[in-house]
Amino acid sequence: MGVTQKLGDLGVVTTTLETAINWARTGATWPLLFGLACCAIEYMSTQGGRYDLARFGMELNRASPRQADLMIVAGRVTRKMAPVVRNLYDQMANPKWVIAMGDCASCGGVYNNYAVVQGVDEIIPVDVYVAGCPPRPEQLIHGILTLHEKIMGERIKDWA
Amino acid sequence: MTANSALENQATEWVGSLDDVKNLVTERALTGETMLLNMGPHHPSTHGVLRLLLELDGEEIITCLPDIGFLHTGIEKTMESKSYEKGVTCTDRMDYLAPMSNNAAFCMAIEKLVGLDVPERAQVMRVICLELTRIQSHLVWLGTHAIDLGAMSVFLYCFREREKILDLFEMISGQRMMGSYIRPGGVWRDFPAQFVPDVEAFLDDFPRRIDDYELLLTTNPLWLDRTQGIGVIEPDVALAWGFSGPSLRGSGVNWDIRKATPYLGYENYQFDVPLGEHGDVYDRYLCRIHEMRECIKIIRQALKRLPEAKGGFRSDNRKFTPPPRAELGHSMEAVIHHFKLWTEGFSAPNQEVYVAIESPRGEIGCYLHGTGGNKPRRVHFKTPSFMHIQGIPLMSENHMIADLVAIIGSVDIVLGDCDR
Amino acid sequence: MQIKPAINPVEAVKAALPSAFITVVEFAGETTLVVEAAQLVAVSLYLRNTAGLIYNFLSDISAVDYYEPTGGIGDRPARFGVSYHIYSMLYNNRLRVKVYVDEGDDGSKPVVPSVVSVWPAANWLEREASDMMGIVFEGNPDQRRLLMPDDWQGHPHRRDYPLGYETVQFSFNVEEIMKHKPVAKE
Amino acid sequence: MALNEFAPIGVLLVFAIALTFIILVISRIFGPHRPTSRKTAPYESGMKPIGPGSRRMPVKFYLVAVLFILFDLEVIFLVPYALVLRELGLYGLVVMGLFTLILTVGLIYEWKKGALEWE
């Protein structure tokens, strides 16, 4: 019988190192300032006063990939932009996650033509897809919460 | 080979050649005296994915080469494979800060091509939507322009007001930004009863908000130092390089399409066009702030004209506009028109038209060429951001990088608008 | 200084440069002046500098491809039509100057003289038309591609260029598509 | 006996060194290191850099740096004076006034010389 089962969940007393690390990582996932198109404007509204991403510790948009640990691909990724997106993803330090915000980033959306990469998962691995064109701020926050649940479930050796 | 040695040899011997930019930059760059820096697609202050290849002597810009196309989504090619009614939703995503002015440009081009009439009530509704879009677009411009130059709080205030306008758009079109509310022949459906009181409530409260922004910025010495005398462009140079809108009026050229070639009944509204004298960043800022106040005047006059405007919210020429649902129950022609319009759409002659209207950024022109069938042969949008980005090198000669940030903010560019 | 009253651009060009004038088309209140491709710069300079015209603002350059999938080019004189939308700020009237060019018989690109010397705004507009339609504007200072990546093959806005449509993924065909969809692992 | 007045500074020193040791050294030992060639490439807004990274810096930067250090030291000298402002009274005011006056003359000289302008 594990300690938690015997004593019940005493919060920080019976927490595991893994949960503590994951809790710290979800507490302040700093997004990369990476707005491409219309979803970036909706992303700015989410950062604004009414929907306020600061509640999730995410109000600090890091412009350089070195200091960011969450890349929100907000907008349509074109053929000319694809190497830049891959370059930025490579230059981010582990642990890093990706949210494909909007239909254009998730599956090419309205633009099924020569110029747009049909879904950003063709160039970088994506953790959460947020539907919508552009997704409402509530949809994006729902996507972020889904990502937090995913992070809470991760093991230490995934990133070690 | 450990990490830092990889960094060392990468920095010293740099493999690659300068010949592709040889004829564009001065020879000082080729000898290595000046530095070539990418103010690239991923940069906090380029308002989107614009890449500026800068040749720098220390902080000073020698040459600035804009490189666009990072957001070219082939919207015009996609619209060639869609019928006219379906093409309206594509235009929303072009200039994503002013979706309704793209819709209006495209729909007015269709109406001109097929000779479709727009009832007076629909024109007044369009004017209200366009002016609300102009306010919303200027708020995003002011927010991002101020945050680029360090005024964080203005960004939050502007987006607080913008949320109110987005609620109004959501009430009439169901979508906050990409409403596709303006359709060929008029608008999608009538205003809900709650819309007009809400707009009046917004208009009563908004002038006080603009005074707050002016209080924060207009007489702020920091703001004046960063914007006055920066990015000056003379009127004739601006005209020759195709500037339009507040960027052109900032240099003192009195050209506003709503006044010069009135459309949608703009000749009935009294409003004045703000002009700048020096054509620097500060004058363009003042023009747009003043323009926001003018929009309030226009919307108030439009709201007064709305009740007695004749006609419905959309033209009832059933060849082009689908009949309302209620009519389908009891009239055979309505079912036939409904079926034809929603399966194949209407057809337009094999001719070309060009319609230019005043979008918040400048003159947006829609060149539409029909094929005789139900799909356009060619849709080409002449967009203001395209010309303003072409003009950035003119304004940024021997300025500093920090001034370039102010210049980019002042010409209010949107990359979706530029690359289409 | 007494401003000269506006004169009709079509008559003025027909009188001043008769060899350049081909036809005029009136449609929906717009006048289209079709001119010789070789004399385009002369006509543009004339339209911009003459006292009664002063077309000093170049609004837009649009290139159209008249290629018909069923073959031929319909009733047009050549496959490519480049139309220049110019606007006179003084007299507040618009005009479209149109030029028809065809591909060279050995498949070489159509050539149009550049009007950058007349209106500097045409620089990027021409580069976009040449990038999208494959029309060479000789005299344009920068011949590089503008919107597409530099190593892109073909000109996307030509009518015979495929749209690049990929079959949309639904529940019934998800297996075949996932087989050859390049999903990035790491 | 004067030694124990410096005790708090000693404790502060120990804490500072311990903290930096914990942050830097331990994270370098236990943190995972996977330097791929793309990750260590210099970041230039997502594009490949043009031109060698390290090059001759323009002299203007050096000029600005020296001026900054000059006036920074002046402020550092003012800080201890601010602590004992009451005790020194008029005498302290005159001495420090002279000290700042000399540096202000230097400031005016270089302002007129145009060293503060960037060109």
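Residue numbering begins at 1 within each chain, and the chains themselves are lettered A, B, C and D in the order written.
Everything below uses one rule, namely that a contact is a pair of C-beta atoms (placed from the backbone, for glycine too) under 8 Å apart; a residue touches a chain by one contact, two chains touch by 3 or more.
In this text the structure is predicted, and so the values were computed from the model without any measurement.
Looking at A-B and A-C, the interface holding more C-beta pairs in contact is that of A-B. In this assembly, C is the chain whose CA centroid lies farthest from the centroid of chain D.
Computed centre separation for the pair chain C/chain D is 58 angstrom, with centres defined by C-alpha atoms. Between chain A and chain B, the centres computed from C-alpha atoms are 29 Å apart. Computed centre separation for the pair chain A/chain C is 43 angstrom, with centres defined by C-alpha atoms. If you average the CA atoms of chain A and of chain D, the two centres end up 37 Å from each other. Annotation for chain B: residues 40-43, 69, 72, 74, 77-78, 419 touch two or more other chains. Residue positions of chain D with contacts to 2 or more other chains are 41, 46-48.
Of all residues in chain C, those that touch two or more other chains are 148-149, 156, 161, 163-165.
In terms of inter-chain touching, the protein chains here follow a pattern that is not a line, ring, star or complete graph. Contact residues of chain B toward chain D in the complex are 2-3, 6-7, 10-14, 16, 18, 21, 29, 32-33, 35-43, 51, 53, 57-60, 400. The part of chain C that touches chain B in the complex is made up of residues 27-30, 32, 56-60, 62-66, 74, 83, 85, 87, 89, 92, 94, 96, 119-121, 123-125, 128, 142, 145-149, 156-157, 159, 161, 163-165.
Remark: chain D residues 32, 34, 36, 38-39, 41, 43, 46-48 touch chain A in the complex.
Chain D contributes residues 33, 35, 37, 40-42, 44-58, 60-61, 118-119 to its touches with chain B in the complex. The touching residues of chain A, counted against chain D in their complex, run 64-66, 84-85, 87-88, 90-91, 93-94, 159-160.
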